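Note that the chains take the letters A, B, C, D and E in the order they are written out, and that residue 1 is the start of every chain.
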Amino acid sequence: MTLFLQQLFNGIALGSVYSLVALGLTLVFGVLKIPNFAHGALYMAGAYVTYALLTIVGIPYLLAIAIAALVLALMGVVLERLVFHPLRDRSHVQAMIAAIGVLFFLEASAQKLFGAEFRMMPTPYGGVVNLMGVTVTTQRLLVIGASLLVMIVLFLFLKRTVTGATIEAMAQNRAGAQLVGINTNRVSMLTFAISAALAAIAAALIAPIALVSPTMGEVINTKVFAIIILGGMGSIPGAIVGGFLLALVETFTTAYINADFADIIGFAVLVIVLAIRPTGLFSKGT
Amino acid sequence: QQVVNIGFSGPLSGGAAFYGQNVQSGIDMAIKEINKAGGVKVGNEKVTFNLVSLDDKYLPNETATNTRRLLQQNNAPFVFIPHAGGILTVQGFNQRNPEFLVVAYSSEPKIVESGNKLTFMLPPLYTMYHEPFVKTTMQAHGKKLGVIPTTSAYGKAWTDTLTAEWKKQGGTVGANNGVDYNTTTDYSAAVTKTLAEKPDVLFIGGPSQPTALVIKAAREQGFKGGFIVMDQAKFEEMDQIVPVSQMEGAVGVLPLRDFRGPAAQKFVAAYRAQYKKEPTSEMALNYMGVHALAKAMELAGTTKDVAAIRAKLPDALKAMPKDKNVYNSTGVDESGHMIAQRIMGQVKGGRITQLTSTQR
Amino acid sequence: MRPGVVITALALFAALLIPVITKNGYYLDVLIMAFIWSIAASGLNVLLGYTGLLSLAHAAFFGIGAYTVGILMLKHGWSFWLAWPTATALTTVLGFLLGLVAFRTRGDAFAIFTLAVGVIVTQVIARWEHLTGGRDGLNGVPQPGKVGPIDFSEQSVFYYLALGALVATLYVIYSVVKAPVGRAFVAVRSNEDLARASGIDTFAHKQRALMLSTAIAGLAGGLYATYLGFLGPAASAVTVTFTLLLYVIVGGAATLAGPVIGAFLLVVLAQLLQASQEYQHLILGPLLVVLVLFFPHGLMGLWQKATRRFNRPAPAPAVIATSQEAERAQR
Amino acid sequence: MHNSAQNGGQTGSSGQGALQVQDVTVRYGEFVALRNVSLTVNPGEIVVLLGANGAGKSTLFRTISGLQRPVSGTISYNGENITGRDAAEVIGRGVAQCAEGRMLFPELSIQKNLILGAFIHRRDKNGVNRGLEEVYELFPILRDKRHDAAGSMSGGQQQMLAIGRALMARPQLLLLDEPSLGLAPLVVEQVLEVTRRINATGTSVLLAEQNAYAALQIAHRGYVMENGALTLEGSQAALLGNDAVRSAYIGV
Amino acid sequence: MLSVENLGIQFGGLKAVSGVNYSVTPGAVNAVIGPNGAGKSTFFNLISGFYQPTSGRITFGGEDVTRMPAHKMATRGVARTFQTTSLFKELPILDNVLQGHRLRMRSGIWDAILRTPRLRSEEREARERAAFALDFVGLSPRDPRPVGMLTQEAQKRVSIAIALATDPKLVLLDEPAAGINPDETEGLVRLIRKMVDQGYTVCLIEHKMNMIMNISDHIMVLHHGQKIAEGAPREIQGNPAVIEAYLGGGHRA
């Protein structure tokens, strides 16, 4: 039972990070129909920016995360303008290739600036609490709490504000959005900004647990793609549910089968779900 | 006056870039030293060296292409390669025309088992660690081993032989909960599962920094026992991530900086000054490798005949300047394996201390 | 005579001469690898370019082909000349099985479904130690034996084998795409509903395109195994598919020469950039972006624009439906 | 037959709601969708644009709204050149479109669709609320279903929502692209009736229709478009009386 | 010929077609009319195998073809065009029409690689067939432009030529006259007449009433997915239910 609870907690902590990263990816896909293969690289960049702010500039952790989110939002905007906006009416494969180019560039830049080594991100939340035999580290509580907070804020922003509604509107009908006077360019930029900021926040939250390195985005990249496919491309609840689902499959595979099989089973679940429901869990029927 | 190119093909980008750069820096340092001292005298000629490094991203096919390039474009008689896949691939053609010496930095047994005549293997076989590691930790902590190392090829091989040794000495071994240390985001799930078996000792290891994280996760979840740390992880890098106090009860490779002997101390000081980071055995062994080759050229009186140079390697290690022989090597065995002292360490009383020394 | 034909003939002539001119093992190695990658990329092009389906499991089939040859030769002592066709046949059959399930999905979902399959294949290769040697890989895969006086372990001789395999592959693709069956591939890409209405069994044709493409991937993988002598799980990794995809798109999808041009250009470029060491990806990354932004139909697109004469199909414009088309298709 | 805007309210082309399209040509790639199209809507008029499927009506509408850039020609609105302006700017000046295919946000609620319709007035909260009331007044069914997803409604209701959403922008010129598409004849009559009422409050209307007979009933003037070019223009009566129009678009 | 019994299909809660009983009159122009959204295109989709009916039965030439997939229906001899002109846009005319004959060929990949005699004879046959179909609709096979660049009218003809190249018995035309001007509509009417004269059976959806009344031998009227009337043009024109539902109160035919 304790084992189960402990793994549940582990899974939820990991799931919050997956969900946060997947949300950014699914938002961009939903609104712009771009499979942004550079998303993992933005995640990585977010971790490094936070790391630099913490260790070089010496800003407190939470403030550093906030600033990193802003910096990444800006990077997202630049990326949208320079690369993805010009490709918006082209085939997905082309956007994918361009995204791979961006990924190469960001990874190489990180290695050039910070070196190839793993780096440890310091955190003030190093404590451990024991709840009914379950080890609860403060950092993981922070991961869960902050992710949930960010998701709620994002949800309220999308559902309760007119600006948020413009994002949903554009996802549902781009021309319709233009027709009511929404500046779709601005919404694209906003979406990229939010997407990159979410990735940065997720990375900064998990980094004290998982280390920072130039290639840290590659692994998460495949996973979040799996997640948004699992959840249904462009679906926000799909990204959240998919994120927790994959994390729980992974942790429970680790717990009850074998850690080495966690990935394989995660992807097997994806293949099975898609074979049964080709468009993912949360897509509307075709 | 002749310049000999020394080739290096290793990961300089991607996930293993840090490792590749470490190896590269050891080679680089030795070459710079030799050149600064005016080179070596081969026959009647002064010979200096030039390092040609190529990135292979840890991919064997890239290693093969790089190696051919080093041979054809740079006439390099030696190619340093720090990963088993690449080494095994080029061993397929290093005894053909043109011949070249593979300088292997990998402790994969197959590399020397194949009987390749032109291979010089730098690190000691990892199996030498097993017996003392198991003995020490089993005595100190108990007979139950939890297994949670990295799942790389190297990690798997280590796991197989180590767990066999653990059983041989009368212990019990839990399920293998290995995870890929290069791709895992959160180790807690694997640690939780391993700790559920209530082990006394954990076998861990992979790149240093993730290894430290596994220790951290285990301690957070209340693990009180000891650790057997695979030689890929280095205490002197791990203590950058977790305090030494958390590593209490761990056995592993003694940090180079704690290795007694003038050559080691000199090397550590020089390396830190030049590269602004902590040197480990990766740097030191490759550094020794270059010096040994230079000496062997001198002794063989040729820069081209790699078989002759290879033949002189055992003598070269004995004859090489004492202050370059970081690990007090006494030679090279039949199969091309460098015989060196690698001292084992343990964390005891909050300090990293020497365990026992063995020779191979 | 068309300029394309003249250039092809010249290129083939030059390719035949190279081993006569130089014995430089490095040059030959780069060219042999470029041939092998060209074959694999051409296989991807059958599916992506002509049929409009993006399979991200392509490298998985390349890997399966390679491992089949490796295992049969190394562990069972088969001759390469038997192992190679067997590997190709196996990847063909596996392609068929993949299609049975994968063609339930369309568009992006198909791409990602195959991505997941690709990931799984790599993972299985890495874990099925008994068969594949796991992460250690397989070492010492022999070279093709002698055939009469011809010794294929000689690099310059192997060069001709790889070149021959590439030419044969291109001949097959060329024959297929101009035959009714290949025209039907294009019909599927262009307008699947109309294809169905016109009586084309689109499922069967997608299956054929997938099988042809996986067969070619297996063929390339087999060459790779015997040439390199060592196999690791990385050969089947999804990153390899992405690399092949780069070759196809940069060279120009749905053209015979595109994948070959792309592969040669990028393989050679990577070698040139090796000199710049840590800057190689700093240069390659933006270069890819620029190529995609300014040459949407790849280098062959440029060529076709220059020599446009409406009697050939334009290169596939949108391989996966663009957002607008996707929206329209939903309605 | 030439422009004889007898019923067209006040004439003159620079009053509120005046649209002038001059020599506009639009291409999709190499396909010419509109060829030198010139057309005028005078303030207060309902002008109908007749044309078969694919004639280019929607293309013209998209071009006026700034969703499509013309390769040549000018579009001016209230005397100002708006050629090639962003869609957001065009609607900001008072030209709203109820587009072909409705272009609703199917997963958003009806109310949210309407609120987004007033996007350009989003800072004027009271104005938006007043607009909502007016639209609900016009189409009571929308008020009843205001919390439902737009996509869940029947085609006719969705069409009402699309018109309502366009009205939320408080346009002086309303572009209606085939509002009767997919609607039962009864609903068609209702929609046209609403159009007439909107027009009565001073809004000019440019209406594209295939259902020529019904549309001509409420229009002041009309144009006929074929294969991307205007081939006829005239008053309501003139068009209704024209044999070619009768045979092609009304049926004899 | 084709006939349906109690045919119906439901999308979610919407009965797009329900309880339709109908037989196509061979060798004639059979029109299907009805308001927008009445289910006409859906009816075509059902009988051409694009949709699977949720109720009822379809027979063609005596065979039960109720759940037969689209490509098999085409092989049986049911060809169709789409409401929005649907072509292989980036291909030239000839390649478009050649696709239409693929269903009569057996050659596959091996034939292509080995250039078998079968491939060659089939290819020759396909080209003859394409030439015939193009000649029938009055287009030249030599136009090298992608068909997406042709005029609406030419595109309509290409789509009919593709259908003819399949060697059909029954041709379903969904609003073939949409988007072409009255003159061109005349030409199209002549083309459809010619098809019937040559022995094809035509089933036609159209909104252009003058054309329908002038060309059809038989009309079925759908409304809300149900058949509300059926008969000769004269009867339909005078049918109060049809006037009410479709032609409209104001319609004076």
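We take it that a contact is a pair of C-beta atoms (placed from the backbone, for glycine too) under 8 Å apart; a residue touches a chain by one contact, two chains touch by 3 or more.
What you see is a predicted model; the values in this text were computed from it and never measured.
Chemist: Could you run down the chains that neighbour chain B and chain E together?
Modeler: C
Chemist: Determine the shortest chain-contact distance, in steps, between chain A and chain E.
Modeler: 2
Chemist: If you average the Cα atoms per chain, which one ends up farthest from chain E?
Modeler: B
Chemist: Counting C-beta pairs in contact, which chain pair has more, B-C or C-E?
Modeler: C-E
Chemist: Roughly how far is chain C from chain D, going centre to centre by Cα mean, in whole Å?
Modeler: Measuring from centre to centre gives 51 Å for this pair.
Chemist: Could you grab the centroid distance between chain A and chain D? Build each centroid from C-alpha atoms only and quote it in angstrom.
Modeler: 42
Chemist: Cα centroid separation between chain D and chain E, in whole Å?
Modeler: So the centre of chain D lies 33 Å away from the centre of chain E.
Chemist: How many Å are there between the centre of chain B and the centre of chain D, using C-alpha atoms for each centre?
Modeler: That gives a centre separation of 75 Å.
Chemist: For chain A, write out the residues touching at least two other chains, lowest number first.
Modeler: Residues 107-108, 111, 173, 260, 263.
Chemist: Multi-chain contacts only, two chains or more: what residues does chain D have there?
Modeler: none
Chemist: Could you tell me which residues belong to chain C and also touch two or more other chains?
Modeler: Where chain C meets two or more other chains at a single residue, that happens at 278, 280-281, 317.
Chemist: Could you list each pair of chains that touch one another?
Modeler: A-B, A-C, A-D, B-C, C-E, D-E
Chemist: Taking the touch rule as given, give the residues of chain A at its contact with chain D in the complex, in rising order.
Modeler: 162, 165-166, 168-169, 172-173, 175-183
Chemist: Which part of chain A faces chain B closely enough to touch in the complex?
Modeler: Its residues touching chain B are 3, 6-7, 10-11, 13-14, 17, 107-108, 111, 115-120, 128, 130, 135, 137, 140, 206, 209-211, 213-215, 218-220, 250-251, 254-255, 258-260, 262-263.
Chemist: Which chain C residues qualify as touching chain A in the complex?
Modeler: 48, 54, 101, 104-106, 108-109, 111-113, 115-117, 119-120, 123-124, 127, 238, 242, 245-246, 249-250, 253, 278-282, 284-289, 291-293, 296, 317-324, 326-327, 330
Chemist: So in the complex, which bits of chain A are touching chain C?
Modeler: 32-33, 35, 82-83, 86-98, 100-109, 111-112, 173-174, 222, 225-226, 229, 233, 260-261, 263-264, 267-268, 270-271, 274-275, 278-280, 286
Chemist: Which part of chain C faces chain B closely enough to touch in the complex?
Modeler: Per the touch definition, chain C meets chain B at residues 24-27, 29-30, 33, 129, 134-137, 139-140, 224, 228-230, 232, 234-235, 271, 274, 277-278, 280-281.
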